[in-house]
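As structure tokens, the structure follows; a few thoughts come after it.
Read from first to last, the chains carry the letters A, B and C; within each, the first residue is number 1.
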Amino acid sequence: MGYIVELDVYQGPFDLLLDLVAKNEVDLWDIPIAAITEQYLAYLYSLQEKDLAITGEFLVMAATLIRIKSRMLLPQEPVEDEPLEETEDPRLELVQQLVRYKFFKEAADFLKQCYAEAAKHFTRGQRIENYDLSPIYIDPLGDLTLDELSTIYNELLSDREQEPPIHTVTSQISLEERLALVRLQLVGQPRATFSELVRSDSVTEIVVTFLAILELARLGEIRLVQTQSCGEIDIMPLELEVEVQP
Amino acid sequence: MKLSDARVIIEGLIFAAETPISAGEISAIVELDVNVVESLVEEVRERYAEGALLIRNVGGGYQIVTKPELAPWIEKLGRPVISAPLTAASTETLAIIAYQQPVTKAEIEQVRGVRSDSAINNLLDRELICELGRKAGPGRPILYGVTEKFFEHFGLKSTDELPLKGISEWK
Amino acid sequence: MKLSDARVIIEGLIFAAETPISAGEISAIVELDVNVVESLVEEVRERYAEGALLIRNVGGGYQIVTKPELAPWIEKLGRPVISAPLTAASTETLAIIAYQQPVTKAEIEQVRGVRSDSAINNLLDRELICELGRKAGPGRPILYGVTEKFFEHFGLKSTDELPLKGISEWK
């Protein structure tokens, strides 16, 4: 695959042209266009002979070179209303592009040197750890006043008073009591089922017991497993489980 | 190689190593006796006396870190600064904690009627509340209370000084 | 705060910062004038004369690194090379972006005379360039510019350090 290397020699048509200008030791601002075009085309033919694909950009440039060459060979016809001196050199646009490209090619060399120099400097190898990176709150309380704080607290308490407590309205069983009872029922049990915990058929009893186990699960005291929808709910006290499987 | 050159190389190696580097590893690179390496590390350590850095021994290796007393400054490097006001949820939660401390998350949630995890976390981040320990009983839930920063803001000495307007009626 | 304390804090901040830290950022943390910060950094720099470390200016920030003459020793640590050297195509493209930013792909391709998609993607992957927004006009093409990492990677203070010789000939 040695040919690939040869293709990689040039970054594009500008690069190839600059190289030809350098090899011929001619002035970039006064390129002998006929000779350079010939060499440019010869290079493309050599690539073709090696059966290498030539990208479109190289072909477009070949066409451009041939066009410039032909324009330079034609006798300068004086354009009406325009003095001869001001007719543009057909090479001008190409030369400007080449000068600009050459500048950036040199800048790229400069960057390459910078990179080599910077690579000799090593940054700190280890990350700084164990620093608290939580946000800093400026003025964390804002303009909250003590009065507002106590008003908010009072409102919370009175809201609680006014709201009909769900767990005492429909039955004598409060959620808190049921919660305590479920905890008692589970003492010493490696596992239990929901139906074992329910002590009567009353809907309230079922609902409150259900709420109680949900609350215990939320508090992380038990784990609930239901293998099928509407099936039995298995209840596993978590602390026990930890002891069983250390 | 002069020993002073070796000292500088060793300092550079400790700085650039990605994990703490041992005297043995350094010795293999600079081709000096482990004892010599150790005494050169001591020299670097002495030279660090006046600056910000420190050579620390961790897990059998050397590591360059900043001196511990600089921690409060260095933390300012990475910590985002936030000036957003308290949300209604956080203010409610703060009020409950101030009046009822020490109080558990479950107790706060009972008063508010909604989950309060994010409000509690926000108040912890703002350093307005802190953990006071754990309540005896199932689950040993964390107990929360307000911080010095909270008292300072309101110019209070303790929660006894919180206004009681109307509160005794409910207590 | 005494200035000698401030000097030590500044040294610690530059050491600990994950990316180059500017005099302005330091000034905000230590609450000292930028000029004072700059002169204190110079003091730290002088103190580093004899050791393995040096403070370099990159991308408008300070960064502590090892001195270049230690490179042959530190390479023996076998730290993975942060990035493989850039290809000629990528370096050319990067040079154009550094000088001409904000610049579109079409403008880059006009200078290079060849398609530059893969070079641009490579530079984006390496976080050496970033999108700066979109140019007004047809197609609203993406505008590219260099990143802080570019300056760090090439050890440059700012784009002002890029050579200008010959630029007048085509500008």
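Convention: contacts are C-beta pairs under 8 Å (C-beta built on N, C-alpha and C of every residue); 3 or more make two chains touch, one makes a residue touch a chain.
A quick note: this is a predicted structure, and the numbers were derived from the prediction, not measured.
Novice: Going by the average position of its CA atoms, which chain sits the greatest distance from subunit C?
Specialist: B
Novice: By CA centroids, point me to the most central chain in this structure.
Specialist: Answer by centroid distance: A.
Novice: Express in whole angstrom the distance between the two chain centres, defined as the mean CA positions of subunit A and subunit C.
Specialist: The computed centroid separation for subunit A versus subunit C comes out at 21 Å.
Novice: At what distance in angstrom does the C-alpha mean of subunit C lie from that of subunit B?
Specialist: Roughly 32 Å separates the two chain centres.
Novice: In whole angstrom, how far does the Cα centroid of subunit A sit from the Cα centroid of subunit B?
Specialist: 30
Novice: Quick one: which residues in subunit B touch 2 or more of the other chains?
Specialist: In subunit B, the residues touching two or more other chains are 12, 15-18, 64, 66, 74, 76, 78.
Novice: At least two partner chains per residue is the criterion; list those residues in subunit A.
Specialist: 122-125, 128, 131
Novice: Which residues of subunit B touch subunit A in the complex?
Specialist: On the subunit B side, the touching residues are 12, 15-20, 63-66, 71, 74-76, 78-86, 91-92, 94-96, 98-99, 106, 111-113, 125-128, 138-139, 141, 149-150, 153-154, 156, 162-167, 170.
Novice: For subunit B, which residues count as touching subunit C in their complex?
Specialist: Listed in rising order, the residues are 8-13, 15-18, 21, 29-30, 44, 47, 50-53, 64, 66-67, 70, 73-74, 76-78.
Novice: State the interface residues of subunit A toward subunit C in the complex, per the touch definition above.
Specialist: So the residues of subunit A in touch with subunit C come to 11-15, 55, 57, 61, 96-97, 99-108, 110-112, 114-115, 117-125, 127-128, 131.
Novice: Going by the contact rule at the top, pick out the subunit A residues touching subunit B in the complex.
Specialist: So the residues of subunit A in touch with subunit B come to 122-126, 128, 131-144, 146-154, 156-161, 163, 183, 219-221.
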